[in-house]
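Two complexes follow with chain A in common, the first pairing it with chain B and the second with chain C.
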Partner chain A sequence: MPKLPELVCPAGSLPALKTAIDHGADAVYMGLKNETNARNFAGLNFDEKSATAGIRYAHDKGRKVLMAINTFAQGVDISRWQRAVDQAADLGVDAVILADLGLMDYASRRHPNLRLHMSVQSSATNYEAVNLARDLFGVQRAVLPRVLTLDQVGHVIRHTDVEIEVFGFGSLCVMVEGRCLLSSYATGESPNTHGVCSPAKFVRWEQNGNTTSARLNDILIDQYGQNEPAGYPTLCKGRFEVQGDTYYALEEPTSLNVLEMLPQIIDIGVSAIKVEGRQRSPAYVAQVAKTLREAIDTAGREMQRFSVKPAWQAALGKLAEGQQQTLGAYNRPWK
Partner chain B sequence: MTALNLKLTLGPILFFWSRDEVFKFYEEAAGWPLDTIYLGEAVCSRRQQLRTSDWITLAHQLADAGKDVVLSCQALLESESDLKRLRKLVENGRVRLEVNDLGAAKLARESGIPFVAGTHMNVYNSSTLALMQRLGAYRWLPPVEMDRSTLAAILATQPELETEVFAWGRLPLAFSARCFTARHYNLKKDDCQFKCLDYPDGLQLATREGAGFLSINGIQTMSDGCHALLPHLAEMDAMGVTAVRVSPQSAHTAEVVAAFSAVIAGTQSANASMESLKGKHAGEAVDGYWCGTAGIINTGDTLHASA
Partner chain C sequence: MRVPDITLPPIIASIASKLPATPPTLALVTALNQLVKRGVLPAEMELLAGKRFEVDVLDAGIKLRFAADEARFSVDQSTQAPDLRFAANLADLARMMLREEDPDTLFFNRKLVIEGDTELGLIVKNLLDSVDWSDTPLARFMAV
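On to the complex of A and B.
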């Protein structure tokens, strides 16, 4: 049997972490309760106590915990980001997921034994970029932005000894991660600066007759009629007007789902498959972890004979954004 | 009004213009009061009105004419052919590079070529800036979303690199694997029919209330508003910024350059200069990012403009 990719699941809270482990995650990733991570949402994430408990829970079961410190340190006083790295090392995480090159530099000098993963927010889309981070900081794994075709992912893997992690399921960023400033253009806060996208504090819902309007910092992102399901106004997934046409000009509300590509993903040597969604509930994590665990194991056994079970597709379909799914950039026509 | 110690640069053309238009543009630009001219295809690999070798030739010609020239590299490098074009730029033998991707930084470093770390290099702090310098950067541009107080704090540490600020034009906000212009025409990216040629300043994306919001430029998403930092040049000068960049537009770039030049020379007030450019740029003038708020906002802050 080929070597299976690790299943890396999101843990926005201690219950989600335990659930992910119980349902088959090989590793979970988490962040601290501050702007050092890209899911800096109210009510999410870990303090020292819950992180300690989570790491113990995972390690007792032979699983790994990765800490995402994946925003960009701002300005001159970057001690908060450095402290987060120190804290991760002290807590005994299995790796830190970093985006900022200066912070990678700090981590590699201060904690030479701490394993470094290059965050998707570092925007490394080619092997030269990945290999630079390896040469400079000893990065051992890179998470690729959701922009490459599967062939291109394979090409990166063949040209580097750094492990490659790809996204397998969850809300889809249509833009290159780490290179999208749309949220700060509309609100002043972006993933890179504040660890947020289309932040909830700027969202306003308006009811006018049968029409519901979703605004982000007063900018109209979408409008819904009486029978239309209204989605969260993530600004790249709204309907806009271009030359008189009103449509999802950038991307529909949709989720990435790679189930049908699992044999190829295994075949090209992907080291880990990541599930998006630290902002989602433990129930989401349970369902996704369980389904992907089963699908990855089955794909590894069956390879060319593998086919996606309708039950898996149904389970993930219910969790998908707008209940729509796509192979995204892995499949060329999407572009 | 006093003269400012700022250099004036012309960024690469971010839109898709025809070969003739590009040559005509640089023929004129060669006569403008510019300290540095950046050129090259920074956005989309399918834009081949000029091949990489054409860009290199053009760069060398401008350098021969005594201009300081920098070749800008494509920001999103996905395929081996993207890397091949990048290597060609690295090996041009003469002109320095603006890198917008870590892979490009790697190649420039290995070849010992000093480079400009572009806005997409995500240098948000002084540690990362110091690292860029160690890799071979001699100049950097902060991310366009960085506000003046963050930049001032970084510059207060007196980095040895030159600092250039993107000061005029539609803001490059995002890149995608997907081409949104092709999507608008229900075309596949691989068969885009080069529709971007029809939109020399981008294709407006408005809200359902008809308010201008963004601008589609192939795989790049830009602001609809025109980032206009002309009123803030004195403040930049005071904090240690060394150069300001004008991003090319299909018309009136010469006047924009002239207006910046006049403010830098101290012969015209920022307000008068802004006034002279009314109606000569796409979208509304915005400066929110610089002032620490949403980029789409026009703060009207000319507090420092009279200096």
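On to the complex of A and C.
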């Protein structure tokens, strides 16, 4: 049997972390309650106490905990990001997931034994960038942006000894990983500066009969009729009037789902498969972890004979944002 | 144990909406206050203080209105609009509370309506998610 990729699941709370582990995650990733991570939502994430409990729970069961410190340290005062790295090291996480090069430098000097993962937010799309991060900071794993075809992922893997992690399931966006400032045009805040795409304090849902309107800082970004599926209130997934047509002018709400290409992902030597969604609840984490655990194990056993079970597709389809699931950039026959 | 896929018949709502909503609301706030007191519900009350909430059980025709101050929850007798309103059918609310279903999933599928202060909604949602039921007798009712 080929070496299986690790299943890396999201945890926005201690119950989500425990649930992920109980349902088959090899590792969970989490963040602190501040702007040092890209899911800086009110009430979400870990403090010292819950992080300690979560790490103990995972380690007792032989699983790993990764801490995402994956926003970009702002120039005026980067001490909060450095403190987050120190805290991760003190807590005994198995790795930190970093995006900012300055922070990687800090972590590698201050905590030489702390394992470094390069975040998707670093936007390293080629092996030269990955190898440079290895040579400069000792990075041991890189999470690839969701813009490469599977062939291109394979090309990166063949030219580096750094472990490669790819996304396997979850909401997609416009995928200008680590460079998206779109929400700052409406709210003054963006994921890379404040750790959140559409800050909740700017979001208003209005119910008018059976129509739901979504407003971001008073700007109408979408309206959903009765039984029409809704999405997250982000600018990139809004419907806008362009030359008389109202439609998803930037991106449709869509979810990535790689079930059907699991044998190829295993075959090219991907080290880890990541699930999006630290903002989601324990129920989501349970269902995704259980489904992907079963699917990855089956794909590893069956490889070429592997076929996707309808029950897996149904389980993931129900959880997905938007009514379509795609292979994303992994499958671009036209290259 | 899974919550069955049922919607209450309209007759229930037409009867229940004529009954006083205070008893079920009182039961809810009493339970909430107990959970806070015992440290099961890790509520940062200062974030909730001064806010009014409404849980609208659509098919049961019941509106549970309550408020929070720095220390506790209480029945909200006022007629003021709530700061935050959740509305869904009983089965979907039960699925959410028992962690069978993720609130975002229900929201995407238009089975859950959230209105008002979205940030407050997120605080409440994440508060419910962060409760570690495994240390309580209620654990056996939870799906996960």
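In the analysis below, the second predicted complex is superposed on the first by the 319 of 335 C-alpha atoms of A that agree within 3 Å, B and C clash if a C-alpha of one lies under 4 Å from a C-alpha of the other, contacts with A are read in each partner's own complex, and residues count from 1 in each chain.
Simple rule for what comes next: a residue touches a chain if its C-beta (ideal position, glycine included) is under 8 Å from a C-beta of that chain, and two chains touch if they have at least 3 such contacts.
All values derive from a computational prediction rather than experimental measurement.
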Query = Touching A:30, do we find chain B (first), chain C (second), both, or neither?
reply = neither
Request  = Please tell me which partner, chain B or chain C, touches more residues of chain A.
outcome  = B
Message = Just checking: does A:98 make contact with chain B only, chain C only, both, or neither of them? Give me first, second, both or neither.
response = neither
Ask   = Which partner does A:68 contact after superposing on A: first (chain B), second (chain C), both, neither?
value = neither
Inquiry  = I'd like to know which partner A:319 touches here: chain B for first, chain C for second, both or neither.
reply    = second
Query = Is A:201 touching the first partner chain B, the second partner chain C, both, or neither of them?
reply = second
Query = Can you list the residues on chain A that touch chain B in the complex?
reply = 72-78, 99-103, 105-106, 122-129, 131-133, 135-136, 146-148, 152, 155, 174-176, 178-182, 184-188, 190, 192-193, 217, 219-223, 236, 239-243, 245-246, 249-251, 329, 332-335
Remark   = Within their complex, chain A touches chain C through residues 12-16, 18-19, 22-23, 41-44, 50, 199-201, 203-207, 212, 224, 226-231, 279-287, 318-322
Key: Residues of chain C defined as touching chain A within the complex   = 47, 87, 99-105, 107-110, 113-115, 118-119, 121-127, 129-134, 143-144
In the complex, chain B residues that touch chain A = 75-80, 82-83, 101-107, 109, 120, 122, 124-132, 143-145, 150, 153-154, 156-157, 171, 173-180, 183-184, 188-190, 203-211, 213-214, 216, 221, 223, 288-289, 292-296
